[in-house]
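Below, each structure is written out as C-alpha cells.
The same chain A turns up in both complexes below, where it pairs with chain B and then with chain C.
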Partner chain A sequence: MNMTWLLPALLVIPLIGTGLIALGAPARKTALFVSLLNLVPGFLLSGVVLRTGEILFGLQPTQVREVFPVQFTLGLDGLSLPMVWLTLAVTLAAMGVTREGIKREKEYFICLLLVGLGGLGAFLSVDLFYFFSFHEVALIPSFLLIGIWGQGDRTGAAWRMTLYLMFGSLVLLVGLIGLVMAVPEMARTLDWRVLTGYLKTNPLAPGTQTALAALLLVGFGTLISLFPFHSWAPGGYASAPAPAAMLHAGVLKKFGLYGLIRLALPLTPLGWKEIGWLIGLMLAANLLYLGLAALQQRDFRWLLGFSSVMHMGTVFLGLIGGTLLGLSGAVVLMVGHGLSAALGFAMAGEIGQRAGTTWMQDLGGLGKKAPKLWFYLTVAAMASIGLPGLANFAGEILIFFGSWSAHPLWVAVAAWGVVLSSIAMLRAVRSMAFGPTSKTVDASGLTDFKGFSETWPYAFLTFLLLVVGIVPGVVLGPIRPVLERLFLP
Partner chain B sequence: MIAYAPYLILLLPLFSAAAIRFFLHPFPRISVSLSTVACLGSFLGALTLLILGTPEGGMSAPTIPWVELGTWKAGFGLLGDPLARMMAVVVSGIALLVHIYSIGYLAHDSSRSRFFAELSLFVFSMLGIVYADNLVTMFIFWELVGLSSYLLIGFWMDRPAAGAAANKAFLVNRIGDFGFILGILGTWSLFGTFQFSDLSSRVASSPGGWVVTAVGLALFCGCLGKSAQFPLHVWLPDSMEGPTPVSSLLHAATMVVAGVYMLIRVLPVLALSQVTMTTIAWIGGLMTLLPALIACQQDDIKRILAYSTLSEIAYMVMAVGLGVPGAAMYHLTTHAFFKCLLFLAAGSAIHGCHDEQDIWKMGGLGKRMPFTALVTILGTVALCGIPPVSGFWSKDEIFTATAHHPGLAAVSMAAGFFTSFFMLRMILVAFGGEPRSEGARHAHEGTFSMIAPMFILAVFSVLGGLLPVDSFLGGAKEEHHASWTLWISLVVALAGFVPAYHFYRHAIREPLSLNILRQKFYVDEFYQIVLVASQDGLGRLADAFEGWVVRGFVVRGSGVIARAAGQGLRLVQCGQVQAYAAVFILGVLLLMGWILRVGGVK
Partner chain C sequence: MTAWFCPEVLLVLSGVGLILLDALAPHGLRKGVSFLALVLSISVLGWTIWSSGQPLPDSWKNLFLADGITVVFKPFFVLCLVGVSLVSMRYKLGTEESVRAEFMALPFFATAGLCLLAGARDFLAIFVALELVSISLYLLAAFHRTKPASLEAGMKLLVMGGLSTGFLVMGIAWLYASSGTTEFSRILLQQAGKPASPALLLAAGLILTGLGFKVAAVPFHAWAPDVYEGAPMPTTTFLAVASKAAGFVLLIRIFGLGALALESVAEVFRPILLTMGIATVTLGTLAALPQRNLKRLLAYSGIAHAGYMLLALGTLGEAGMGTVVGYLWAYLLATLPVLIFLNEVERIHQSSDVRHLEGLGRRDPGVALGVTLCFLSMAGLPPLLGFSAKLSVLTTLWSAGEIPGLIVGSIMAVIGLGFYLVPIRAMYWEREADVIPAVRFPSFLVWVLLLAGFLNLILGLQPTPIIRLVERSLAPSLVASPKLNP
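Coming up: the complex of A and B.
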C-alpha cells in the first residue's frame, strides 16, 4: 500500500482543524481531537520509517528546474522521526493543559495549532524553502500568543522576541542562500537530500565552509538561544501562556538544532572545526552565566526560562564533540529537553492558574496540599536536572562520553552546569512544595488535579520521559543510520 | 527466560514502588504489605544467590542492554561476585527489618503509602548499586539512591527543616557526583572500559603520572558525597530530619556506605597512584576523629548517632586507603547491624517520648523502656569495639592495618576514645537518672513490629563477629594476630568510658561547654559564607548584567527604535502586535522572493 500520502496528512489534519475552528466548531474540543487524530499517521509513518528507513512525498527532483527550483517535497527519515513525535506529543499535551474559558478562544487555539503545524512542516520539509518558511509560519502565531494572551511584560517580551528572531532568521536566510550559491551552478538545488549527497563527495573550500558555518551558527543559534543571542528567550517564555511556552521551548527551539545537525554540521564540517573554540566559549557561557542567572530568579516561570536556555549549552557540547556518540546524545537530549521543558512550563501555568502566582516565595506547602501537583512538579524538576531514568540523563551522559576526548574542559563545565541547575530547581521545588501552606496558597483555595481529564497531559509527558530515559533505543535506533550517513565518510 | 530470574530481586521493589505510586496510594494497608513482601522477596532472592554462588563468581544474569552505540556499551548486568552477593544480603536483610519496624513506627501517619513507595524505590536503587557490573550503571543507581534519599528526608513536607535538609543532601551529593562522573569519564578514556571485570586487567597498561592520580581522586569525590566524608560531610547530620527508620536504613546502615563499596569496586584504579591512596587514608583517618569530637557536644540523640556514623564510615574509607578492602567490608557489615540497631533503638526512645529527640529532655528511660535500653547498650558495646562483640573483630582488622602508619593509628585510636565517651554520655543522660520531661515520664515500649527487628539486629550485633564475612569477600582472611594496635586501641576505648561516667553519671544539664564542638567546627557557616555566597554572588552579578545591560540597554535600545517606527504608524496597543506580525510576514516574503530570484534564475 502506498503510504506516502500520510506525510501531507500530518499537515492537513491540523490545518483542517484550524478551518473548523474558524468556522465555529468548539475550539478546545476540535483542537484536542485533531491533535489526537494526528497521532494515527504518526504511528503508521513510524512503522514505515522503521522498516524502510525513509519515506518521501512529492516530486522527485531528478534535475534542477529551469526557473522555479522550489518543490513541495516532504520526507521523513530516522532523524526527523523523533522530532515529529516530539511535536505531536507536545502539541497534544499543550492542547490538553488549556482549560475552557480563555479569552478569544477561537483565535487562541488556531494560533496553537499553527505553531504545531509549522513545527511539523519544518521537520518534514526536504526543500530548503519550505524548511525555512514553515518555521516562520510557526513563529508568527507564537508572537501573537505572547502579545495577546501573555502575562507580565507581554508586549515587551513579544517585541524582544520578534527583534531577535527576525535578526536570526535573516542571518539564517543569508547562510542558507550562501550555502546553495556556493555549490556550482550545475548542481545547485534547494533539496537538502541532493545537496548533502553532492557536498559529501565535493566538499566546499575551507574558507567558504568557515564563513557559512559562522552564518548558520548565528542564524540557528539565535533560534536556539545560544549565548549571546539568548536574551529573548527567558523573558519570552516567562510571558508566554503555558501552551505557547511549551510549544516554543519544547518544539520550535529544536528546529534550530535540527537544522544544525541536518545541514550545517555535515555540509560545512571543516568550518565547524575552525570555529569550534568559539562555540565552546559560547556554550560555556550558556551553562555557567545563564545557570548562575537562573539561581537568582524569584519567579518560577523565569527560572524555567533560564534553565531551559542553559541546557542548550549541553546540546551544543554534543554537536561539537565530533563523535556519533555525542551527536546521538544531542538528539536524545533534544527530545528529553523538549518533553521536560513542556512539562515544566505546563506545571508553571497550572500553578499560576491555581495559586494565582508563580512568585516562588509566595508559594509554599503545595506538597501537603496538592500531592499530585507536587509529583509532576518533581518529575519536571528531576528530568531537567538529569536524573537517570528520565530522558535528559540518557542524552547528557552520551554527550559527556562523546565529547570527552575532544573537549574535556567543556564537559567539566557541562557537568558543573548540572550542579547549578540542580541548585536552582531544587530550591524552587523546596520553596513551592515544602513547609507550611503559605497565605497566598490558602487564600487562593488551591486544589489538586482532579480526575483523568486534568491529569492526563502531565501523565502523558511523564510517561514519554520515562520511555526515552529507560529505553533510549527508541530514539537512538532510528537516528543511527541517518547520522552514519551524514557524518561517516 | 529463567536466566533473567535474578533480576526479580531488583524488579520486585521497583514494581512495589510503581504500583503504590500509581494505584495503591489510597490504600495504606495494602501498600505497606506490598512493599514489605517485595522487600522480603528481594531478601530471599539475594540469599539464594549468596548460597548458590561460588567464590569464583557463580550466579550472574545475562546483560540487558541500555545503550549500545558502536563500541560504547552500557547495560544492566548483575555482578555475581562474592562481594556483591554478600552486600546485597546485608542491604536487603536490613531493609526488611526496617520495613517491619516502620509498620509500627508510622502506624498513625496518613502518608505512609508514600513512605513505603519511597522505601521500595530505595531498596531497588540500592540493590542496583550493589549488583551493577559497570561504572555507568552504578552511576545511574547512585543517582536514584540520591533521589530516594531526598524524598525520604523530605518525607514530612510540612516541616521547613525537612525541605532544607533534603535539598542539602541532594545538592551536596551532586557536587560529589560532579567529581564522580569526571572520574568515570577519565577511567573510560584511560583504560577504554568502565566494566568492573575489565578494570583489573586493563590497569596493567596504565600510563601512570598525574592523570591517574587525578582520575582516582575524582572517583573518590563520589565517595566523599555519598559517604559524607570531609569536606562534603555536612549533609548527613541534617538528614536526621527524616523519619528515624530512614536515618537507620539510608543514613547509617546502607546508603552512606555505598561510597566505600564503590571505592572497593574501583580499587584497581585507585591503587595505581600512591598519592590517591594516601589521600584517601588520611581523609578517612581525620574523619574518624573530627565527628567523634563533635558528637561529644550534641544534644539530639539522632545527631549524636549521625556523627558517630561519619566516624565509623571514615574507618572503612581509611581501610580502603590502606589497601585492606576486606577489613573495610567487614566493618561495613558489622557496622550495618549495630548502627541500624542503635538508630532503631533511638527511634524507639523518640517514639516512646512522643517525638522528643533532645537527650536532656529524656532521662530515666532505662526503667520505662528496659528493652530499648538493653539493645542500646549492646549496640554501644559493639560500636566501641569491646570484645567479644562484633565491632571488636572488624575494628581490630582495621587497627592492624594501621600498624605501620603511626599517624593514622594515633588519630583513629583517639577517635575510639571519644566514641566511647559520647556513647556512654548518651546512654547515661537519656536512659539514666530521672525523667526530665512530660514525654519521658510517660515513655513506653513500642509495638511488636518495632521490638522484633531490634531483637534480631541485637543478635547479629553481638554475634556478627562470628559471621564468615571474610570467606565471601574473596580474599583470604588475614591471620588474627594480636598486634600492639589491638591492645592499645582496646585500652583507649575503655578509657573513654571513665570521663563520661565521671561527668554524666548524675548530670541534669550539660556540664561541659565547648562551643567549637557544639558548632561543628563552624564548617556549615564557612560554606554558607564561601560557597553559597560565591555562587549566589556570581549569580546576582549575572542576573544583574542580564537584566540591565543585555535586556535593558541593548535590547531596549533597539526596541525604542522599532517602537518609534511602530508609533509612527499610530497603532493601537493590542493591534500593535498583530501589525508587527504582518510586517514580519511581509519582510520574510520579500526575502523569499529574493532567494527565488537569485537561486532560480540561471
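Coming up: the complex of A and C.
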C-alpha cells in the first residue's frame, strides 16, 4: 500500500487543528486530540521506515528549475525518525500539562501547535528551503508565547531570544547558500539527499570546507545555544510558559544538532577537523562555565535553563569525536535530553503553579506533602544528571567511549561537567523535596497530582525516558544505517 | 485597431470619464464616483492581464516597445491602482469632499504614465511619462489645501521631484550630447565596445541621481518619511508602491537591459550602486527602529527594501534583474495590504500611531492575522514570500562575490525584525487600551486583508507563479526587436 501521503498528513493534522481552534472549537481538547491523532501516522510511518529504511513524498523526476529550484519534498529515514517521535511525544505532553482556564486560550494553543508544527516540518523536509523555513515558522509563535504568557522579564527575554535566533538563522542561511553555491552549476540542487551524494564523491576544497563549517557552526551553534551564543537560552526558558519551554528546549534546539549531523558534518568533514580545537574550547566552556553558572542559580527555572544549555556541550563532544559510536551517542542524548528537559520544565511549571514560586529556598518538604510531584521531579533531575537506566546515561556513556580516542582531554572536561550538573541538581532536589515543610509551601495549600488526567503527561515522558534508557537499541537501530551512509566512506 | 485598446488609453479615458461624470451627471450619480473608480480600475486590470503582450499602435513604436518588462509591470501598476482606488474609496476627504472625482481620477492619469514608463524605449518618452506621473502626484500630495501637513508634503514632493527631474533632464542632455540620440538601442549600438567617455559617465551619474530620488535611495531619501506622513493615505500608497517600483523599472531598463547596459558603464557604476545599496539598507533599517508612527515606519522600511533591491541590481547581471522583478512583486503584495489597513486605522483613530493597534488581535482576529502575515513577509521571515525575495537577493550577492553587501544585508535583515515586530507586538501582546472606540473593520476589508496575508503565505510556500513572472520579464522582446536602422 502506498503510505507516502502519511508524511504530509503529519503536518496537515496539526494545521487543521489550528484552523479548528481559530474557528472556535474548544482549544485544549482540540489541541490534545490533534496531538494524539498525529501519533497514528507516526506509528504507521515508523513501521515503513523500520522495514524499508526510508520513505519519501512529493519527489518529482522533473528537471531542476533554473531560477529557484525549490521542491516541496518530505522524507523520513532512520535519523529523522527519532526526532519526529521526540517532537510528537513532547508536543502531546506539552498540550497535556496545560490546565484549563489559561488566559486567551485560543491563541495560546494555536501558538503551541505552530511551534510543534515547525519542528516536525523541519525534521521531515528534504529540500533545504523548507528545512530552513519550517524551523522559522516557530519563531514568531515563540515570541508571542513568551511575551504574552511568560513570567519574570518576559519582554526582554522574548526580544532577546527572537533576535538572537534570527541572527543565528541568517548566518545559517548564508552558510546554506554557500554550501549550495559551492557545487558547480550543473549539479546544483536544494535536495540534501542529492547534495550529500554529490559531495561525497566530489568533496569541496579544504579552504571552502573550513569557511562553510565555520558559518554553519555559528548558525546552528546559535540555535543550539553553544557558548558564546547561548545567552538567549537560560533566560528565555526561565521566562517562557512551561509548554513553550518544553517544546523549545526539548524539540527546536535539536533542529540545530540534527542539521549538524545531517548536513554540516558529513558535507564539510575537513573543515570540522580544522576547527575542531575551537569547538573543543566552546564545548568546554558550555560544560564548565555554564555548569558553574547553574550552581549559582536560586530559581529552579533558571537552574533548568542553564543545565539544559550546558548539556549541549556533551552532545557536541559526541559530534566531534569522529566515531560512529560517539555520533550514535549524540543522537541518543539528543532524544534523552529532549525528554528530560521537557519533563523538567513541565515540573517547574507545575511547582510554580501549585506552590506559587520556584525559588528553591522558599520550597521544601515537597516529598512529604506531594509524593507524586516529588517522584517526577526526582526523575527529571536524575535523568538530567545521567542516572543509569534513563535515556541520558545511555547517550553520555556512548559519547564518552566514542570520543575518548580522539579527544581524551575534552572527555575529562565533560566528566567534570557531569559532576557539576550532579551537584546542582541534587542540591535542588534536596532543598525542594526534603527537609521540613517550608512556610510558603504551607501557606500555598499545595496539593499533589490528582488522578490520571493530571499525571499522564509526566508518566508518559518518564516511560519514554526509561524505554530509551533501558533499550537504547530503539534509537540506535534505526539511526545506524543512516550514520553509516553519511559518515563511512 | 485593437492595439488602441491598450491599458494606457483606457486609463486616460477612465480618468477623463470620471471627471466628466462629476461635472455633468446628476447629484445622485455623482455619489457613486468612488465605487465607479474601483470598478473601472478592476476592469482595466482584467483587460491588462488578458491582453498582455499584444502589439502597440504603430505610431507609438518609435518611442515605446512591448516586451517582458511591460507584460510583467503593466499589470503591476494597474494592480497598484486598484489598491489606491480601494484606499481612496475608504478615505475621508473632509472639506475637499466636493472634488472627490478629481481625487479618484488623478491616480488613473498617474498610472497611465507609469504604464508608458514601463514600455519606454527613448529618453524623451521617459521624460514625458515621468512628468505625467509627477504632476498628478504633486496635486494628490497637497490635496488637503487647508491642512499644513498635507501642504508641506506637497511642497516637499514638488521641490524634491523638481530637483530630481532636473538631474534627469540634465543627464539626458549630456547623453544626447555624447551620443547624438536619445533612443536606447542606438545609444547601445553606438557606444558598445568603446571606452566610456566622461560625458557618458556624467550623464549616467545624473540619471542615477534623478532615479535615486524616485526610489528614495540614500542619500536621496530624506523626503520620503515626511511626505508619506503628511500626504493623504491614497497618495502615500501610490508613492510607496507604484512610484518606487517605477524607479526600479527604469533602473532595470536603463542600467540593466537598455541604454546604458554597457560594460564600460557597468565597471564604474557597479561599486556605486552597491555602495548606495549598502547605505540605503543600513539607514532604512536603523532609522525605522525608533519609529512609532506606522506611516513613517513604512517609509523607512520602504527605504530599506529599496536598499535590498539596489544591492541585487548593483550586481548588474541577469540574475540581479530577475531578483529585483521578483522582489518588487513581493514588496507590492506585502505593502499594499498594510497600507489599505493603515488607511482604515487612520479613518477610525485620525492617526497612524502604533498604539492604535493595541488589542486588535482580540478585537478583529482576521484583520490582525492578515496584517501580521504581511508584516512578517516584509521582514523576510520564511515561509512567506518576502523570504524568497530576500533569499534570492542574498543568493545573487553570493554568486556575484559581493561579500560586503551580503554581510550587511544579512545583519540588517535581523535588525529589521526588530521594528516589524513592533506592530505585531502591539496587536497581540499589549493590554487593550481603555479608550478604543468599538469600531470594527467592514467585513469585505477583513476578507481582503486575510486573503492578502494568505497569498503571501501560499506564494512563499510555492513561489512558482512569481518565478514564472520573473522568467517572463527577462524573456526576449515579444515584438520585433527595436529597429536599428539609423
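General observations
Here is the rule we use: the second predicted complex is superposed on the first by the 485 of 489 C-alpha atoms of A that agree within 3 Å, B and C clash if a C-alpha of one lies under 4 Å from a C-alpha of the other, contacts with A are read in each partner's own complex, and residues count from 1 in each chain.
We adopt the following convention: a residue touches a chain if its C-beta (ideal position, glycine included) is under 8 Å from a C-beta of that chain, and two chains touch if they have at least 3 such contacts.
This structure is a prediction, so every number in the text was calculated from the model and none was measured.
Chain A has more of its residues touched by B than by the other of chain B and chain C. Contact with neither chain B nor chain C is seen for A:75 once the two complexes are overlaid on the shared chain. Once the two complexes are laid over each other on the shared chain, residue contacts for A:22 go to chain C alone; chain B is not touched. Of the two partner chains placed around the shared chain by superposition, chain C is the only one that A:178 touches, whereas chain B remains out of contact.
Of the two partner chains placed by superposition, A:241 touches none, neither chain B nor chain C.
In the superposed pair of complexes, A:107 makes contact with chain C only, with no contact to chain B.
Of the two partner chains placed by the overlay, chain B and chain C both lie in contact with A:133.
Applying the stated contact rule after C-alpha superposition, one finds that A:143 touches each of chain B and chain C. When both complexes are overlaid on chain A, the residue A:365 reaches chain B alone and has no touch with chain C.
Look at A:170: by the touch rule set out above, it reaches both chain B and chain C. Looking at chain A, you'll find residues 65, 67-68, 70, 129, 133, 136, 139-140, 143-144, 147-148, 159, 162-163, 166, 170, 173, 177, 181 touch chain B in one structure and chain C in the other. Only residues 65-70, 129, 133, 136, 139-140, 143-144, 146-148, 155-156, 158-160, 162-164, 166, 169-170, 173, 176-177, 180-181, 185, 188, 190, 228, 231-232, 235, 289-290, 292-297, 324-325, 328, 365, 367-368, 371, 374-375, 382, 387-389, 393-394, 397-398, 400-401, 404-405, 408, 411-412, 415-416, 418-420, 422-423, 426-427, 430, 433-437, 472-473, 476, 480 of chain A touch chain B when the two sit together in their complex.
Looking at the complex, you find that chain A touches chain C at residues 22, 65, 67-68, 70, 72, 104, 107, 129-130, 132-134, 136-137, 139-140, 143-144, 147-148, 159, 162-163, 166-167, 170-171, 173-174, 177-178, 181. Here chain B touches chain A in the complex through residues 21, 65-67, 69-70, 72, 114, 136, 139-141, 143-144, 147, 150, 154, 157-160, 162-164, 166-167, 170-171, 174-175, 178, 181-182, 185, 188-189, 535-536, 538-543, 546, 550-551, 554-555, 558-559, 562-563, 573-574, 576-578, 580-581, 584-585, 587-588, 591-592, 595-596, 598-602, going by the rule given at the top.
The part of chain C that touches chain A in the complex is made up of residues 322, 361-362, 365, 372, 376, 381-383, 387-388, 391-392, 394-395, 398-399, 406, 410-411, 413-415, 417-418, 421, 424-425, 428-429, 460-463, 467, 470-471.
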